[in-house]
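All chains are identified by letter, namely A, B, C, D, E and F, in their written order; residue positions are counted from 1 within each chain.
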Amino acid sequence: MAAVITKVKQKEIAQLIEKGKRLDGRGLTDFREIKIEQGVIERAEGSARVRLGRTDVLVGTKIEFGEPFPDTPTEGVLTVNAELVPLASPVFEAGPPDENSIELARIVDRGIRESKAIDTEKLCIEPGKKVIVVFVDVYVLNHDGNLIDASALAAMGALLNTKVPNYEVEDGEVKIKSGHTQLPIKRNPVTVTFAKIGGKLVVDPWLEEEQVMDARLSIAIDDDGNICAIQKGGNGYFEPQMILEAAKIAKDKAKEIRKKLGW
Amino acid sequence: MTDKPEKLIDKKGLRLDGRKPDELRPIKIEVGVISNADGSAYIEQGKNKVLAGVYGPREVHPKHLALPDRMVLKCRYHMAPFSVQERKSPAPSRREIELSKVIRESLEPAIFVEYYPRTMVDIFVEVLQADGGTRCASITAAALALADAGIPMRDIVVACAAGKAGDTIVLDLMDEEDKYGTADVPVALMPNLNAVTLLQMDGILSYDEFESAVNLAIEGCKKIYTMQKEAIRRKYASAKEEGEE
Amino acid sequence: MAAVITKVKQKEIAQLIEKGKRLDGRGLTDFREIKIEQGVIERAEGSARVRLGRTDVLVGTKIEFGEPFPDTPTEGVLTVNAELVPLASPVFEAGPPDENSIELARIVDRGIRESKAIDTEKLCIEPGKKVIVVFVDVYVLNHDGNLIDASALAAMGALLNTKVPNYEVEDGEVKIKSGHTQLPIKRNPVTVTFAKIGGKLVVDPWLEEEQVMDARLSIAIDDDGNICAIQKGGNGYFEPQMILEAAKIAKDKAKEIRKKLGW
Amino acid sequence: MTDKPEKLIDKKGLRLDGRKPDELRPIKIEVGVISNADGSAYIEQGKNKVLAGVYGPREVHPKHLALPDRMVLKCRYHMAPFSVQERKSPAPSRREIELSKVIRESLEPAIFVEYYPRTMVDIFVEVLQADGGTRCASITAAALALADAGIPMRDIVVACAAGKAGDTIVLDLMDEEDKYGTADVPVALMPNLNAVTLLQMDGILSYDEFESAVNLAIEGCKKIYTMQKEAIRRKYASAKEEGEE
Amino acid sequence: MAAVITKVKQKEIAQLIEKGKRLDGRGLTDFREIKIEQGVIERAEGSARVRLGRTDVLVGTKIEFGEPFPDTPTEGVLTVNAELVPLASPVFEAGPPDENSIELARIVDRGIRESKAIDTEKLCIEPGKKVIVVFVDVYVLNHDGNLIDASALAAMGALLNTKVPNYEVEDGEVKIKSGHTQLPIKRNPVTVTFAKIGGKLVVDPWLEEEQVMDARLSIAIDDDGNICAIQKGGNGYFEPQMILEAAKIAKDKAKEIRKKLGW
Amino acid sequence: MTDKPEKLIDKKGLRLDGRKPDELRPIKIEVGVISNADGSAYIEQGKNKVLAGVYGPREVHPKHLALPDRMVLKCRYHMAPFSVQERKSPAPSRREIELSKVIRESLEPAIFVEYYPRTMVDIFVEVLQADGGTRCASITAAALALADAGIPMRDIVVACAAGKAGDTIVLDLMDEEDKYGTADVPVALMPNLNAVTLLQMDGILSYDEFESAVNLAIEGCKKIYTMQKEAIRRKYASAKEEGEE
């Protein structure tokens, strides 16, 4: 059912990249245009919609009060979930999350978690008993390639936009009060994804590039330019030198994007 | 969480959001919003935000479900986890499964299913934000997505609810009226054929009240129908413009 | 796998209905013979078996003690479930509930809930904490058409027959005592289902009529003749006038059935 | 909930319900009770109420499971949610899955499976009320449903349990004896072939006690076998009557 | 996908057994060589790996603290689970437990439970509220026939090897302390499985014998030679006399094995 | 449960288990351990105990998944319930599903998938005991199982993690270093092709630290690669021996 790409087009894409060019006119390390709208879902505690070219991802956050994990009794809980709804692509199917949506959610989760983007200590209400639980739901509306970077951006956009309702604790039960405070955010990680096509790296692959790529590499970079999460994907490989090259480019691109978004 | 309001209709006969009993919520419709889908539409009705996409006619999957004399129509109504007050689990609820069925059965009467035997058409509805009346907004959007996909139809199906809030028969119930009102009557219509393709009711109505509610809902449907056609016209105008550039 | 009905028979059924007649000799607005047996399952807190012609539905109720829903802290909980077990028809399959059994359960549920048949306020033990939970399990034993009306009748029959065990609350825990009281029932809704065949309405369609019908309309009527729930089904439509006609007939038929059953 | 009784056997050697050790519970059997099924039977044994239905031989679904030299036999043992003290979830429990298997394997030895290659026979057992010994009652009813469906068989399988209550070997254990007794030995038999097709045991028995229990269960099976044949005769008599009218 | 056995081999196996011989040289009532290693998984509270010829089963136990069942408020809880992982045989498939793995788990469970192998009364911490829960996970690593006996042996081997961490109860919560005691075991049941092939009984059937057998009979015997659980399997039958014969043989074989293992 | 250690690296620069920063845990590898599998291998790396088995090339099931020009490669990484501190439910977790994918994608680059079109190869990994670094141990064992099954490959894939514990870049992280360390970088390699087939990272590393970690992990891979080849040699030697006897 997957949209199949012809051998001819495949060759064409690879040959262009060989020359440092891409079918849609971008340079090898150029992102597509990034549009971000925050607060689009009033019912959600936070939300952001990111368009990366024609790729379209909506993220909503919900706040609940629950128990901490036994091994982190003084920290709030972050739960990231991704849905590749069949509306978004002819290759997505309804049903429980498959390996692709689980991998996407876990990559987004790691970028946020490992960079310590959320100040989870501030989400503790009563150690070991009550903490704030942050649900981040990634909802893909149109898939035109590089869901990882779009989802990671939309997730951070939604978190930056998330309001925690005021509450008080009475007899061990949390009561919601009027008003709210901003979710405490410490870091703004940005994820940069590469495709390896014909021995070259290209940044932010769109759908047709993903269909011909050998392998994929996603690198999350924090505000200080440190690497905080990596995921290789796809059925190909990378030479060690290429990985180091990608890490360097990712650092620059993340800085560029963070600047552009004012993060 | 919204608390129960003291009154749904004030002394002047106006509703919580200032509407008159027979007034629709603000509606915004857009056709052709998902580039991957064969047809798509987006609707905002009050705070409802609903996206509908259509894929097909395409191969039936799995193959043994193919029908020799007609297309197979499938429909999935689904709510985003963040679309409602309390986070909704992504697994389909019983409510979503029922609504998927009634929405499909509200659209099927309009489709010339016999034109494309051995094929399948998938309708996917995603509720991004819910505010009462999502099934009607879903039908209105899904019918446009079908039209946008070029599926041959007898008419564009359109849907709207009427109901009873306090003692008044009102049009297009919003969340609070749905929850604290006396009755809710969602109706889907093919206006040109005067054919009701969806009818449900919750609550308590006398026969006369029911008659008024059905008639009011049909009036509402007809108003939205005009907006649907306008949205299609805009889409084709802009497509034409792009083509001419 | 579904029993297929021949085009010839289909035509025959429609032509008869055109003339105001039906294959089994009934008039267009006649129900099949209704037999109801209450208390057939001693292990259940309440039970009733309804036979509508050869359609055979058994409903059992179970009483448990549980928590109320957060938005109705002072009301007991009603849970309706329907199983279309494969014993009952060659077209039913084992497995989790499909759209048909879910729709059936939800129609039966709405008839009971919207008519306020059960006095749920009386099922509250401790507001917000402990209430009585009523499980209504609809079990279809033989499917010969119009499961909705048979199930709705059997559900009300079982509720009318349901005994709540006596209990006392000790340290926040419910202890069962000997004896029991009747479940508090306020209303006796009756559901009347129509099939539209060849432009005409027929009441209580049996299986062969369901197989040829254009659309289905079920209307629940309370003791005062008010409408309390409606569901249109099937791939056809109704003219608005036909809906109003059906609502009128439903009111009469419901009254007739209620009288016959002494409800 | 029933509390643990002080004694399962009283001074006179009688059981909680007044039965003698080798006495069956009252049994009522009816054949041909589900009009849609190809064969069906209903049994009441004590407070057990069990319905069995058979569909087939019919097409195998999904097709790749068809066997070239024999029929596929399927069996589903299922309890109604209201059949037991605490409401049972409708999803099949591990116990139900195991019983579906052992019931199928107790019936299969009787069936000439090679007569209908490439077909499937489905046996559906529904326990409407449970009172100890439902697996045996299910086998007794399912064998009759198979006969009613005209499935060719070597013999009618029949089942009954024996066990140990207090110090006594007893026949046809009811709920309390099952729960508080020392052992339960359900046995299924093809009486004409002297062939045991089901044998399970829970509890603790010496070899000699086990031998007594098996023999007593077989005696019980033979008594119920007579009732099975009587029930078939009644069904055919009434069918003939209807035919003659 | 199942390894199919030729008609020729089938006949050969049956003819040999007719003469009191078996393809692998064993006598009809001989077990294959039994090897047991206990304590192989240090992370588990108890473990044992049993090899019965080439059949290879690993059992691990885990101890948790939980609630008792309402009808046995003063007894610990035993939970047996079996996984037929696809690694172990070309006929096993990944996915939720099927009827074979459920039957296996339930047979192993019954042997332990009915013989009262574990002194469950000693696992009660606070009646009706807190008890020790023993998880027994049967993990089949290679399937070469007679999984039942191998699993039952490995389960008992793991239980005999299980350590319960020391704990104290504080404010109704269980706190783990250093050190541990042995899980209290009262009985050592041994299960003996027979295959009926060509009218004869053989003990401990290996895979090829299982593929041609008419029926299967498993008998668990406790330390006193009493029968504590039986399960017939397979699509054939047993004459009553054969069952009694099997029960006698099982008693002898169980004694032999118990002696050999020093149980 | 293990409590958080005070320091991961002591004054002498040694780790909790006495290892030097660039030292591997003790490793034991065995090839050909599951008689039913077409290929298999077992690895112990520290307290990790991992079993890998390969079935295939065999018929694709279900058939419609077969590919005309290459084999289908499937991989299932699974943990035994008793392999970790808290009992793990047997149902596959999200972590296990992700790891199944990345392990498959780390092995696929080595396989000549085009040699066996229309077939399927299944890789099953069972973690019997977990001690940090199970994904790397799984890849190392699974690559050997593939070799043992005779699947044609460009090279034997081998995997090892490096990371940061305290301020030190260390090789082959054990459980406590994984949990309380600063970063973990698992790497899979085809040593003869200098090709990285798996790369993940958790934690925080500067570019320079990352470079060191990758290089250290590659060194670790090369050491384990020697042990892999030695294990294959032993298997073939013993097979030859058996053959000669």
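Convention: a residue touches a chain if its C-beta (ideal position, glycine included) is under 8 Å from a C-beta of that chain, and two chains touch if they have at least 3 such contacts.
What you see is a predicted model, and the numbers here were worked out from it, not measured in a lab.
Engineer: Fewest touch steps from chain B to chain D?
Structural biologist: 2
Engineer: Quick check: how many Å separate the C-alpha centres of chain D and chain F?
Structural biologist: Measuring from centre to centre gives 51 Å for this pair.
Engineer: Please work out the Cα centroid separation of chain C and chain E, and write it as a whole number of Å.
Structural biologist: 48
Engineer: On a C-alpha centroid basis, what's the spacing between chain B and chain E, in Å?
Structural biologist: Chain centroid spacing, chain B to chain E, equals 57 Å.
Engineer: Using the touch rule from the top of the page, what residues of chain B touch 2 or more other chains?
Structural biologist: none
Engineer: Mind pulling the residue numbers of chain E that touch at least two other chains?
Structural biologist: If we look for residues of chain E contacting two or more partner chains, we find 97.
Engineer: Once you've mapped the touching chain pairs, tell me: line, ring, star, complete or other?
Structural biologist: ring
Engineer: Please report the chains around the ring in sequence, anchored at chain B, with chain C in second place.
Structural biologist: B, C, D, E, F, A
Engineer: Going by the contact rule set out above, which residues of chain E touch chain F in the complex?
Structural biologist: Where chain E meets chain F, its residues are 1, 41-44, 47, 54, 56, 58, 60-62, 64, 81, 83, 85-90, 94, 96-97, 135, 137, 139, 141-144, 176.
Engineer: Can you name the residues of chain D that touch chain C in the complex?
Structural biologist: 1, 34-37, 40, 47, 49, 51-53, 55, 58-59, 61, 76, 78, 80-87, 90-91, 122, 124, 126, 128-130
Engineer: Would you mind writing out the residues of chain B in touch with chain C in their complex?
Structural biologist: Against chain C, chain B makes touches at 94-95, 97-98, 100-102, 105, 108-109, 185, 190, 193-207, 210-211, 214-215, 218.
Engineer: Going by the contact rule at the top, pick out the chain A residues touching chain F in the complex.
Structural biologist: The contact residues of chain A facing chain F are 97, 99, 102-103, 105-106, 110, 114-115, 215, 217, 222, 225-240, 243-244, 247-248, 251.
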